[in-house]
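To keep things simple, chains are lettered A, B, C and D as they appear, and every chain counts its residues starting from 1.
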Amino acid sequence: MLQVKLPGLDLKNPIMPASGCFGFGREFAEYYDLSLLGSIMIKATTVSPRFGNPTPRVAETYGGMLNAIGLQNPGLDVVLTQELPFLEQFDVPIIANIAGSEEEDYIRVAEKISQSKNVHALELNISCPNVKHGGIAFGTDAVVAARLTEKVKKVSQVPVYVKLSPNVTDIVSIAKAIEAAGADGLTMINTLLGMRIDLRTRKPILANQTGGLSGPAIKPVAIRMVHEVAQAVHIPIIGMGGVQNAEDVLEFLLAGASAVAVGTANFVDPYVCPKIIEALPETLHKYGFASIVDCIGGSFK
Amino acid sequence: MKKVEDMHLVQKKWLTPQIVQMTLKGGLVLQMNRPGQFVHLRVPDGSTLLRRPISIHAIDQEELIFDVIFRIEGKGTKLLSKLTVGDTIHVMGPLGNGFPVSVPQVQSGNTACLIGGGIGTPPLYELSKQLKQKGMQVIHILGFGSEKECILEDAFTKLGQTLISTVDGSKGTHGFVTDILKDKDIQADIYYSCGPVPMFSALEALNLPAPVYVSYEERMACGMGACYACVCKNKNQEGYKRICKEGPVFQAGEVEI
Amino acid sequence: MLQVKLPGLDLKNPIMPASGCFGFGREFAEYYDLSLLGSIMIKATTVSPRFGNPTPRVAETYGGMLNAIGLQNPGLDVVLTQELPFLEQFDVPIIANIAGSEEEDYIRVAEKISQSKNVHALELNISCPNVKHGGIAFGTDAVVAARLTEKVKKVSQVPVYVKLSPNVTDIVSIAKAIEAAGADGLTMINTLLGMRIDLRTRKPILANQTGGLSGPAIKPVAIRMVHEVAQAVHIPIIGMGGVQNAEDVLEFLLAGASAVAVGTANFVDPYVCPKIIEALPETLHKYGFASIVDCIGGSFK
Amino acid sequence: MKKVEDMHLVQKKWLTPQIVQMTLKGGLVLQMNRPGQFVHLRVPDGSTLLRRPISIHAIDQEELIFDVIFRIEGKGTKLLSKLTVGDTIHVMGPLGNGFPVSVPQVQSGNTACLIGGGIGTPPLYELSKQLKQKGMQVIHILGFGSEKECILEDAFTKLGQTLISTVDGSKGTHGFVTDILKDKDIQADIYYSCGPVPMFSALEALNLPAPVYVSYEERMACGMGACYACVCKNKNQEGYKRICKEGPVFQAGEVEI
């Protein structure tokens, strides 16, 4: 009833923590058995270790939050030798989120990390507000995004999903270019670029000034974009943005997503993912669906 | 093991017009033992997603209760302060590593000096209790803006000598906690501190003769080490620490703030 | 202390209801004296009467709302002969929001409406998600937006403000093009494009499928955009997006706005505008500002 | 003139597990007089911005109280239903034009037939009271899904003949309100109705022999006529009507729904 089959991913359920909101799983493993999860999108990995941005790195907003972590991660080697092996004890396929400043960085991480036993798919993070390429984020230029996708596809041992930025005029054309370049799937959306200013200091709260807006505040934007893109491409979409409960999951599936990631809500309630998974069968039943697959794209099919 | 709980607010007391003490009851208290750890409180309104980190002030495992003391800063603490006896609060914790109480300096007969600034004083109370139980002498040096903001004097006095400074001189020594440390030439085998960052810098400048442990604050999201929101760099060495996980207490000079 | 001088607008305070959230003032006039307001941005006016979209036209979202009213309005003639004269009884300068499907429409409305006694400025609504021009909304293409601005400037008797769409990759380049085309000011932001799906009907809640997201949920996006644009242009900005109270107003001013419009919050509390105006002096004082003008751009100046 | 007020919840009663009746007290009641008007209620959570339109069920100006009855549909009504006696609700209203009670058909000795469907029955109660006061005969025809959802039977019976239908036949006539109208051949000088849209269509198909007034629903934002969210087209003529302002009651056939 909850199973979904996607390129590289045989999911026992469609729920997975979103990248950056779950580290490499160690901390949440103290809270529950990670084998319950459909998958895990691990934190963005770069070639070398990164410390990230100065603090403050987060700020609360109305119904959401801003973050400018800046891709802090221990670097490819540590992820390969410590983090991924740690996750092997759980019966859960990993989606490795990869990032970089240059095409070369992505390619190097993709080649290596895609050979790990439990990495079943890659998620190309071309939409992090802090990754620039010639002044333009990879994810806001269809040509740049497509070329990167093509190059990563060449070296990856596992299917490649590309994570789209919502900070664009026309997300459909970017999605199509990425599909044409050979991506196996899309994940969307990354955060919206936002800012908060502290009235006392008169400066932006985040040391980085701007940050990525996530949480339920952005769900309507995410649903709209999934709905648009799902009707324009033939590859599956993993939807995200503001999911808090099983009803939200169904909304993403109806909009055209085939699975759903949960980010910010993990901070509100560390048990949110297992809770959603538990609530899904009843919620499907309540709205008259036989299975997850039965919901997918239901708003336009 | 329990990690979160809907706990019951069983007592509520205003210490000043801006500072409230709340007693919460529930099984989660059985996990609480280290002074200086904190809890992550859900604010009772859907527009406010992130939890609020608040230090544990006092623990009573027999009664299954613990206390927090917090000051109204913004929206979250304002909403929390409006809860009334009988309401529940969703609590996550205890989180972080607290003040070290198993270091060599902590032993019967030794002296500990606890230095608190403003709303940083509450977590020192459980610490003082535990140090006293271990047979230590405890001296408390507490600094406030003015007499009106002064809290917990009686509670600390019951545990040991308690010296107070106020910035405006309306109570105790006129000046800062560091003025007391200098003027009274207080010597201890270990120092613990919680308060605003400028106070820590002033303490550091004193070059105290024994280890100093300091509790830091940073804006947090997860509170459990997963999101990297609250990271600070190690001083004089590679790597970093998460204030919510490896902290909030560090030895002075250990991290860059 | 609260006064602000902007092209065409001598405002007694920086607060005005945003277009579309206040009709032509008649209904709110039953609630309070409209002379209290700094200005009023009236509902978008088109050449001919428009009925707008089918219902449902609004849907609530987390910390916000979606609307797809579809520019319902009684048409230029009625606005000129009935609505604007009604507003003359109040001591308040009007900003006339104008819309159309073709350049010609904008020009015609601008020419006529800018001659009205109490219209002190125009607001070119080139960012309504429902107004298309060759498939692209005017507001998402810098060239199209600039050309329209230029043409409207030629016929307008009063200063022209252009309302920017947030649904773009690079709002700064559009703002600069519009400034170069002669705009006297900018207003921002219009709504973010969003969607909600009803789990029971499995269809989008709005009859129009997509709608514009407004309310406090979008404030961080608005603040970020105002902050970016204010540093790139030399014309003043009227900021909006999620303002609910005097603190929010100060945040927009610090970000670089010179005045602030209030939209969705009027539905939450019909008295929100006079309440904010009343709270402003105390709020300025609390954060150490001598006046509204003292705040403007404070986060980067 | 008062237009909004923080009113006090003074009584709360569950009519079914999903339907609650609340009595609110405050000066705003002095503005309430037309049956069929509604209030716009602020939901007590910041994540929920838009108000919820709820019809006025009963008015008692001497006691400064009025009643609403609502069914838990989604998030807003769920949160509202959790309020307890002593809490306040921010109320805007009364809004809209209610059921006409000054039309020629309303006169002593005449008969009015009030047709309610499910959660549409509550606003008919104040209407019935006022018609009765004017010396009219009132007949109530109320339709529900099943016996378990049946509400207000006693209250209406006290005012006049009350006939009930249920879709599953568990109470009263098996079927719909229109079945009762047909089977019992009920004649009246004026008809009033509130309920789901399919019920209105069925009523229209009956070609009732006297004017029919119907109360409609639409998703709203402002609730006061300013935002054009709740507009419907006039039937057989130019122009439009706002359900919140010119409505929610229209004569059958006046607007396109």
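As a convention for this text, contacts are C-beta pairs under 8 Å (C-beta built on N, C-alpha and C of every residue); 3 or more make two chains touch, one makes a residue touch a chain.
The shown structure was predicted, so the numbers you read here are calculated from the model rather than taken from an experiment.
For the pair chain A and chain B, chains touching both partners: C, D. Between chain A and chain D the centroid-to-centroid distance comes to 47 Å (mean Cα coordinates, whole Å).
Between the CA-based centres of chain B and chain D the separation comes to 56 Å, rounded to the whole angstrom. Centre-to-centre separation of chain C and chain D, using mean CA positions: 36 Å.
Listed for chain A are residues 62-64, 216, each touching two or more other chains.
Multi-chain contact residues of chain D, defined as those touching 2 or more other chains: 46-48. The touch graph of these protein chains is complete, with an edge between every pair of chains.
Every residue of chain D that touches chain A in the complex is listed here, in rising order: 46-47.
Considering their complex, residues 61-64, 66, 140, 167-170, 192-197, 199-200, 202-204, 209-210, 213, 216-221, 223-224, 227, 242, 247, 250-251, 254-255, 287, 298-299 of chain C touch chain A. The residues of chain D lying in touch with chain C in their complex are 3-4, 42, 46-51, 76, 90, 92, 218-233, 240, 245.
Against chain B, in their complex, chain A makes its touches with residues 20-23, 26-28, 30-31, 43, 51-52, 55-60, 62-65, 67, 69, 72, 205, 215-216, 264, 266-271.
Interface residues of chain C facing chain B in the complex, by the touch rule stated above, are 62-63, 216.
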